[in-house]
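Heads up, the next two complexes both have subunit A, just with different partners, subunit B and then subunit C.
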Partner chain A sequence: MSTPLGLRRAVLWRARRAGASPAYHALTVIPVLLLVGLFTLFPLGYAAITSTRRVLLTLPGSTPFIGLRNYAQVLHDGTTHVAVTNTLLFAALTVPSVIVVGFLVALLLHQPIRGFGLLRALVLLPWSIPLVSAGIIWRLLLHGDFGALNGLLYQLGVVHSYVPWLSSPRLAMQAVALAHVWREFPLPAILILAGLQVIPREIMEAATAEGAGAWARFWHILLPWLKGPLLIILVYETMISVSVFDLVYVLTGGGPGSATTLFSWHTYTSTFTFLNLGHGAALSFIMAGALVAFIALTLRLIRVEARSA
Partner chain B sequence: MQPSIRPGPWTRRDFLKLAGTYAACGGLGGLGALARPAEAQPSPVHLNFMVWSYGIETIQDNIKSFQQRNPAITVSLQDTSWFNYHDAMATKFATGDAPDVAYSSDHWLREWVAADWIAPLDRYAPELAGAQGEWAPYARQGMTLGGHLYGLPYYADLIIFMYNAKTLKRAGFDHPPATWEELAAQAKTIKDKGLSEYPIDIPLKKDDPWTIEIFYSMVYSRGGHMFDNADAPVFNAPGGKAVLALDWLRDALRNKILDPAVLESAEPDVVKTMGAGQHVFTVLAKYNLAELNAGQHAQKGNFRMALMPGDSHSTVGFVRFYALTKAAVTRHHTEAAARFLQYFGGKTDGRYLVPQRWALEKGLGFAQLPLYDDPQIKAAINAWGSVALERQQAKLAAVKEGLTPWWGTWDVYAREQIGNVIVGNVSSQQAIKNMAAKWSELK
Partner chain C sequence: MTRAAGIRQVALGAAGILLGVFIVFPFLWALSASLQTELAIFRRPPSWAPAPATVANYLYVFTGRIPEGYAVRGLLRSAITQEARLLPAGLRNSLEVALGVIAVNLTLGPLAAYTFARERFPGKEIAYFFILGSRLLPAVAVAIPIYLIVKTAGLLDTKLALALIYSAFTLPFTIWVLTLYIRSLPIEVEEAALVDGCTRFAVLRRVVIPLARPGLAAIAAFSFLFSYSEFFFALLMTSSVKAKTTPVVIASISVNPDSSYTLIAVGIVVSIIPPMLLALLFRRFITSSLVASMEQA
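Right after this comes the complex of A and B.
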């Protein structure tokens, strides 16, 4: 009778022996391949086919192949142009803001002050709240008739009448951007804080002793050390900004007018409101293509930076 | 000392006696069964019922009553917000997760029929079509397509004009406005007297399906039309009333008599702010008058309805209905679903039980005209509204024009254009042109 130790050895020996065979390799990889195929490749392929057919749910049973006509149609659509402009504006507003706020919060939390340990945990709260819940909270805060923010500003005498934050095209975009920054800044803050903590203290102390000011220390020490995490944050936050949907869905529904119609919202309405799955799939591929190009460009940049370093 | 209750040990004789008794009972039972004609036991059916989130407790209670009357049928209820109901249902139908019975609206009838999502009742459950003669014409029209009936009414109602009578009186007016121009003038006076900063509030949120019905009402009440009988747009005709309605909204916002938050306000938001006394005039579905006068609001009891302002005083009459899905037919649930529809939208024991309950408890309008003769309902409506005025407005009501399979898509685009005019992104003329161009493109 084998002892537990003997049994373990036997299993390991068998695994090692089996591991040498290509059949074993294939057997262990197949389940993962099946999952990836089922949940990634199949939907992707299906969407690619859908994007080349006229698939209108109101015309069931008729899905003729139309080549790239869906792509041409959505690219000529005025709403797509508005959505692209709005999305670029939204990304330009939010990505730098998220990084700057995250950086400032990280610098604050890096200070050796008592009680900041708890604060480091609390700072993650906005990130842990589901986006839809965050959207509802912000809607209640910002509503032009009964929003808490208006109530506060009015009582403080900052405004003389309630501000329609979500009814004015300019303010609505800024309001969605504000909610997005609030939701997104914790992750960069924590990543940058982690980066700050690995900078050797001696370097900072030596620089201070040499008479380097705060700006010089930031520019010549902190920033070069944090370049890697910052580029990753830039890629991630750009992806999130470009594909943001939930906040628009809850806060503005793409309005007022088309002021907050972002690309993802346009894709959603094309698919589920207008029931045009062909257009929806084409828009999804355009967005995915743009994001892949952006990521490839940034990764190339990171590689060049790494080589030159 | 009490006698022991522990039974003695079992003997073979005891066992045989018991077995004999059981056998005799079973045998007799079997003989009895042979003597009786076989009773058909309906096989159990489970129905999925999809609704938008309103009065969920009442619906659950109605389901409970239905299940008590139909023990072989169980029903599970799913709900989602009115604002995303269309999109949620589209997803469900497209992914094969369709319910058996669902709420629908005249908004979407053409689209859902074109997509083959719902089934004609006169074909699959002809007994349900028998009561049509008792329904308001606009409601019947809203559920009928190509001569086929696709639903039983959940409720049918009107878009109406409401005002806070107490504030109007304080402002020195003894009658509500009869035209849109008079409304603007009264609102200006109320604002100048400091009684309300923004006297008018109308829900025009882009993702609220009410927005288009309210806009239609504003056009109808001026004597205008949106589409002709061939579903060609007429709202873009020179001198059309749609441009006037858009201009009026834009000017009201510029003159600060219309709440600047209208584009972020949906129906529940407006009910809240009207009830709190922030605004004086609004345009909403009629059942909200019951909520404003009977619900928990600071201005409770002060609200009245008036005929829609304008030359014709016309408005939109609409219907929301219970639809039988094609999925139910495929699953062979038609018979059970028909029973369910009959209970919820038709007569049970000669009475419209569920529609009557909605009218009494929530003030929902009804398509079933005999309910107007119900003294209980008359008294309930007069407690928060006016049966006479409601009937007068109903006579002037019309269904939404242009209801085609692509109307749902056009509706979303039109709502966006209305918003663009109000915020000043485009002129009324341009918005109307865009709306007409979109219609041609979709057609």
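Right after this comes the complex of A and C.
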């Protein structure tokens, strides 16, 4: 009675074994492992060694082992403190803004209104272009001598002389943050919109019928429903925000002074301007460690949440 | 009730228009600036629409013909940057690198992903997590060693080096998305093919790849967008017109204080056309695979 099924299983089992030999596994997986290993594992090991040696490109030929002194030096460096403060400030400015703007845009685009189909297509555009292009677009908009924003405010009579958005210390950080938010909000918007679209209509209708207001529905239905995606977005956007480089390069070059010297910019200049590879490697390890710790912590949080739910 | 609903519609419509302006205005301004003369753009306030519009800036970038406006101002040397003339070459380099990365992702990606999705072998979990975990490293942490590898291999300032690096950076995401995608496909057809005596590779080629086409389209799009946009490694690895990609070229135009505003705008417009077209054409694949990969995470 069970013979056909048993036979089928046996044939299938043999077929599977015949279909994929260890050689096939190796042939399909090893090229990827090699390529990824060559550009991550080896560099990581190399950078680990570099971070424990004094490596100055201005003094080639002598790279003595100095233990953790590179780490001690960069941790005591005033520029590192400034860079850490700036990076935290930048993340505090951009991550919540990106998520809140993304959420609001998703809520808006979820409404069945004629013409919003076009908006749903357009919303992807800032995210699709190179970060460098986005940065330069905002350089044109915020330029102190002939920027469009200045022109607009001047025409409206809001300002009487042009404002140097990118070259005044107080405003430069906010200008970079604005460009970052413009470029990054589409991703959360799309992901949250997708989340909204799978919330069963009956749940919302039942809540409305029982007299739940917009706020109550937001807090008790939307947020719990979207918790998973929101946490992933939070992790991703924090990583992106903390390691931002391209925007700083084209918008401010870390300045004026050190007003927009973010951590990745500081690492870049330590390495490629001051040519202190030991410091650069130590800084990048500190950054990688902080990021991995943050991700591990958040993933743990997600798992705990998932278990309690 | 209907009146409240009407007000709601209007308010939402207004919010939509506001959002549209926020998204589109920066692009339109770059486009408008690229079609103006240098003189027009220096007015306070600037002229918002190009009047009259001129394609002289584009002509200069693509043919080297110097726009008339510059001669008039007598600022010929300062306002025209030679770098802007690198833009066509940069565009070509970018496209070639991106196509190479797409090719690597579309061959190695499905091969490895199918094995990860359906096979069992020792070390599978470790290999899978090693590949995915590699993306957690910040780029700047591995930049110098990668530079040294590329230098040792004699591949500095080549498109091949960029294509290899970008392949290593895109394959983890490709394998993640494709593995999830393949796991979501019905297994029965594959099993029937195996029973009929097909090898794994034949099943992959004849059964899985045709079914996974939307996933592959998304992979191609992501590989393109990443490679086309990448700036940091391109900046470090390239030094000449041989391999400089679009982001490197337009960044060097824009940070040059002598650059003309209109040429910077041309750089923006030219650089964003390919990825924008791709994003609009592949929108469905991009969004659905982003959403799917997030739900599985």
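By our rule, the second predicted complex is superposed on the first by the 280 of 309 C-alpha atoms of A that agree within 3 Å, B and C clash if a C-alpha of one lies under 4 Å from a C-alpha of the other, contacts with A are read in each partner's own complex, and residues count from 1 in each chain.
What we mean here is this: a residue touches a chain if its C-beta (ideal position, glycine included) is under 8 Å from a C-beta of that chain, and two chains touch if they have at least 3 such contacts.
Predicted, not measured: the structure shown is a model, and the values here were computed from it.
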Touching partner for A:Gly211 - first (subunit B), second (subunit C), both, neither: neither
Partner touching more residues of subunit A, whether subunit B or subunit C: C
Partner chain in contact with A:Gly157 - subunit B first, subunit C second, else both or neither: neither
Subunit B versus subunit C as contact partner of A:Gly67, first or second or both or neither: neither
Touching partner for A:Tyr24 - first (subunit B), second (subunit C), both, neither: second
Which of subunit B and subunit C A:Phe146 touches, first, second, both or neither: both
Subunit B versus subunit C as contact partner of A:Thr58, first or second or both or neither: first
Which superposed partner A:Pro256 touches (first subunit B, second subunit C, both, neither): first
Partner chain in contact with A:Phe274 - subunit B first, subunit C second, else both or neither: first
Residues of subunit A at both interfaces, subunit B in one complex, subunit C in the other: 143, 146, 162, 253, 268, 272, 277
Residues of subunit A that touch subunit C when the two form their complex: 8, 11-12, 15-16, 18-20, 22, 24-25, 27-29, 31-33, 35-44, 46-47, 50, 105, 108, 111, 113, 115-116, 118-119, 121-133, 136-141, 143, 146, 148, 150-152, 154-155, 162, 182, 187, 190-191, 194, 228-229, 232, 243, 245-246, 249-250, 253, 264, 267-268, 271-272, 277, 280-281, 284-285, 287-288, 291-292, 295
Of all residues in subunit B, those that touch subunit A in their complex: 83, 86-87, 90-91, 93-94, 111, 114-116, 197, 201, 205-207, 259-265, 269, 272-273, 276, 278, 405-406, 408-409, 412, 416-417, 419-420, 422-423, 425
Sites on subunit A touched by subunit B in the complex: 57-61, 143-146, 161-162, 164-169, 172, 252-259, 261, 268-269, 272-275, 277
Subunit A contact footprint on subunit C (complex, rising order): 9, 12-13, 15-16, 19-20, 22-24, 26-27, 29-30, 33, 41-42, 44-46, 48, 108-109, 111-112, 114-116, 119, 121, 127, 130-131, 134, 136-146, 148-149, 164-165, 167-169, 171-172, 175, 191, 194-195, 197-201, 203, 225, 228-229, 231-232, 235-236, 246-247, 250-251, 254-255, 261, 264-265, 267-268, 271-272, 275-276, 278-280, 283, 286-287, 290-291, 294-295, 297
